[in-house]
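Take a look at the following structure, please.
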């Protein structure tokens, strides 16, 4: 089915939760930027493995353990191909993207950053790509610099070379979870390298929705989470360039990450085990492999195309229907935005908007979206956010638009 | 069914993988100290949640998100009761016990340990309770001291007070994953406190098999993993005394663990969110809650009783059948040992033993069991290890004994 | 499912649109800040305590209709009350929100809920309880600061 | 399922019981250590290289029948060979273990497997491939140390 003609109704039917009726109404799930729903293929892969072949990996020598190890390492290879990494052992499984970023901050960061060293972030980062660096400010006295935004919510790169001057790290999101803005990743990686910095790409919002090629980006580290890409919770990915991963000190200490342990010290295992201490999320990694198969089968380019159409439809529907009563943040150009619509609706607080939409089973997030510095910039404590994924369609956008009417009724505006 | 009369055949039937036939032979799974099999109740809890109610927790305001949050926090309360913690927010979800120990080493440890400070471990620790401390030796110059073992594999406490003199931490396993030895946890916690040290209990092997009461122990931190207690992979637990958790700096930075984030700093959230950065293992935590219900329903005292009988049976069967040809490590007294049998069989290498047992679908682990310092003490690079759990019975012990015959045939000894 | 009319009572919307006791107080009044991590609400309570009486109280910050109206009604209800009365009221409110248990003992001081009764419907929307309770916990914090 | 007789050939058990070239070599011989994290096997290879020829090789360490016999057979096969011949042999062995791909080109040097053919059965027991390959990777490491 890897053509531009995908049966999107069939895709929707793959997600059992979307068949759920609450109070006689269907579920309109528009919170995928937060976390995505799971198709039968993923749920079944996990359950089947637990029913028929659950076993430890890497540690035991009987066949079932060998089979489990093959499934686990097979998933790693799927991830490698999915993001076009050079080799599978550049793919490290973590618990989520947040852990992946902390891992970099606490290993590469601690090994390479000293007082006064500069880390460049952007104003549209998720807390996961802010707080780990704040922690190094406190511990190490590093300096943070921030790439500002233009009025329509794009990165303002006019002073990029000044900001990068003397920097050791440029760490930025490939796509904003609030504005939907897609960053010029390749350009930013090149600029970082030109300034002698490494480039870290928070691809949490990007990987689930786009064709990803870490080599084409020429990035140094890239991270994302399984649960946002129709995969399980409890598993994230850190990809890093082999030379960098090799040179880094370990992160967590324990089983699997060692070559040898003596009373007076230890040596670390080869990649990727070096960064996978303890019993990993075996079932979840296998589930993530199934998610990658599922997405690949539909085709990431097709998914991106579908979401662009849906974004265009939702933007124009909402604007046409509510005019100035709705302010949708982020760039209007769908070429550089993903299917994430943060909005202010009249002067009704987002939490109330979400409550009223929930009455119609329309699920959106209201809050700061773990991006408080960006919220401050938008002059809000919170926005309502509708985000779309491959299983959404125009009827979902219509349901959102219809449900907003209810807000006017109640708040009488 | 919370009586001493448990229908153990019905328990075995709850675990679908144990119904699996390979080459016409049933599966004899004796690797539960490594990782345990999952009952239908856990597999279904996870799958059902993903099919019918998967949603983010803590972040969104619609009903389905509220329900997911209640399930997640409900699981925390189940864990609290399971280990008799004072309050639910003393229970922190991690990815595995390894992360739990690293968390302590990197937060409490970094905040409180300085050059020359002493951490006391034992000779029977798992790498997960060794390497994190080695890392602080390298980083901080702390000193490690080791509680030795007696000849029959118990902790030798004759010099305990000397070892603890001036120590800041005593960190020890409640039960050895190699020898099966159960430590006198209460006594050790008291000794640590008397010396002014905190007591950290690696309860990975203990919690799945025994009634656990962290308050009766008077421990300071206790950790264990879901996957060893019929729960999912990808989730572990850290319990800590509230005052200590409150005083600790955060571990990973990101979403959920913050109260506020500004360009120039952040403040941390309340317990337990403070230590749960990023999207947690929602499905796995809910699955772990189901595992706790499952175990509680059978009764931990019943499980311990069942395993004691089985251990006694296995020890006497193997000894009677193979006499001096088998050396089973650890204490002979089943009052102080769990259902873990590490053994040397004639002079056949454990890896070959495991291979030959696998021919009969008997799954045991062969290796160093992530306890290399202990292996050195035993004078071996590896042992074979058969470990039993609630779903094992005497036929499994018999299958092990029978299958060992095959080893003699091949190696002609 | 409970209807939205249970949540958005007219009196709640009135307090939301016209919040009472908005503003700040200068020292020696104390203050405390509260965050609702779920929705980003921020509230600051200023409290002036004299001889065991909350002589003045002000509220600033932003938030949803429930957190704002709850803060507004609270400010009305507690202003001029003794600390003992306020403690009793806070307890009564938390009982209404079903996050504290009612004790069988007769309350030491009598408590009148007045407008606050209108927030009763919130309990049917569990996610919103945190919104309703935010200002109350922040007030508690402010009173602690005052006695510290 | 492949039978155990595919794995435990007589010649393998013979090398396991009576390993060849056991021992150590003093400098200027180089050494390298290998670990199999799965089963705890440890192997040390001592290599004496002179003028591009491995004039002597010794093996020490502990391990299972497969890792020990593989090391013993390897030591026999490589002793006295040129580095180029050894590289070719290592490649052939890894092809046999199905962890490297056979290239279509005719090998630059001729390679005789001899006793090593007996290890062919290991490939049917994927978990054991790591055991069989441990000494070979350790030898590679030793040879790298020699040329460093």
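Labels for the chains are A, B, C and D, by order of writing; each one numbers its residues from 1.
In this section, contacts are C-beta pairs under 8 Å (C-beta built on N, C-alpha and C of every residue); 3 or more make two chains touch, one makes a residue touch a chain.
Computed from a predicted model, the values in this text were never measured in an experiment.
Student: Please tell me the distance, in whole Å, between the geometric centres of chain C and chain D computed from their C-alpha atoms.
Tutor: Inter-chain centre distance comes to 76 Å.
Student: So the centre of each chain is just the mean of its C-alpha atoms; given that, what is the distance between chain B and chain D in Å?
Tutor: Roughly 37 Å, centre to centre.
Student: List the centre-to-centre spacing of chain A and chain B in whole Å, with centres computed as mean CA coordinates.
Tutor: A distance of 31 Å separates the two centres.
Student: What are the residue numbers in chain B that touch two or more other chains?
Tutor: Counting only residues that touch two or more other chains, chain B contributes 22, 59, 61-63, 65, 256, 258, 260, 351, 355, 366-367, 372.
Student: Would you give the residues of chain D that are in contact with at least 2 other chains, written as numbers and ranges?
Tutor: Residues 1, 38-39, 128 of chain D each touch two or more of the other chains.
Student: Hey, how would you classify the chain contact layout here, line, ring, star, complete or other?
Tutor: Other.
Student: Return all touching chain pairs.
Tutor: A-B, A-C, A-D, B-C, B-D
Student: Quick one: in the complex, what on chain C touches chain A?
Tutor: These residues of chain C touch chain A: 1, 4, 7-8, 13, 38-42, 62-66, 68, 125, 128, 131.
Student: Using the touch definition from the top, list the residues of chain A that touch chain D in their complex.
Tutor: 58-59, 61-63, 65-66, 69-70, 256, 258-260, 269, 273
Student: Given the complex with chain D, which residues does chain B contribute to the contact?
Tutor: 22-23, 349-352, 355-356, 359, 366-368, 372, 375, 381-382, 406, 410-412
Student: Per the contact definition, I'd like the list of chain C residues that touch chain B in the complex.
Tutor: 1, 35, 37-39, 126-128
Student: Going by the contact rule at the top, pick out the chain B residues touching chain A in the complex.
Tutor: Counting only chain B, the residues touching chain A are 16-17, 20, 22, 27, 31, 34-35, 37-38, 42-44, 46-47, 50-56, 59-65, 95-99, 101-102, 105, 126-128, 130-132, 134-135, 137-138, 144, 146, 225, 227, 232-236, 250, 252-258, 260-263, 265-266, 277-284, 351, 354-355, 357-358, 362-367, 370, 372-373, 376.
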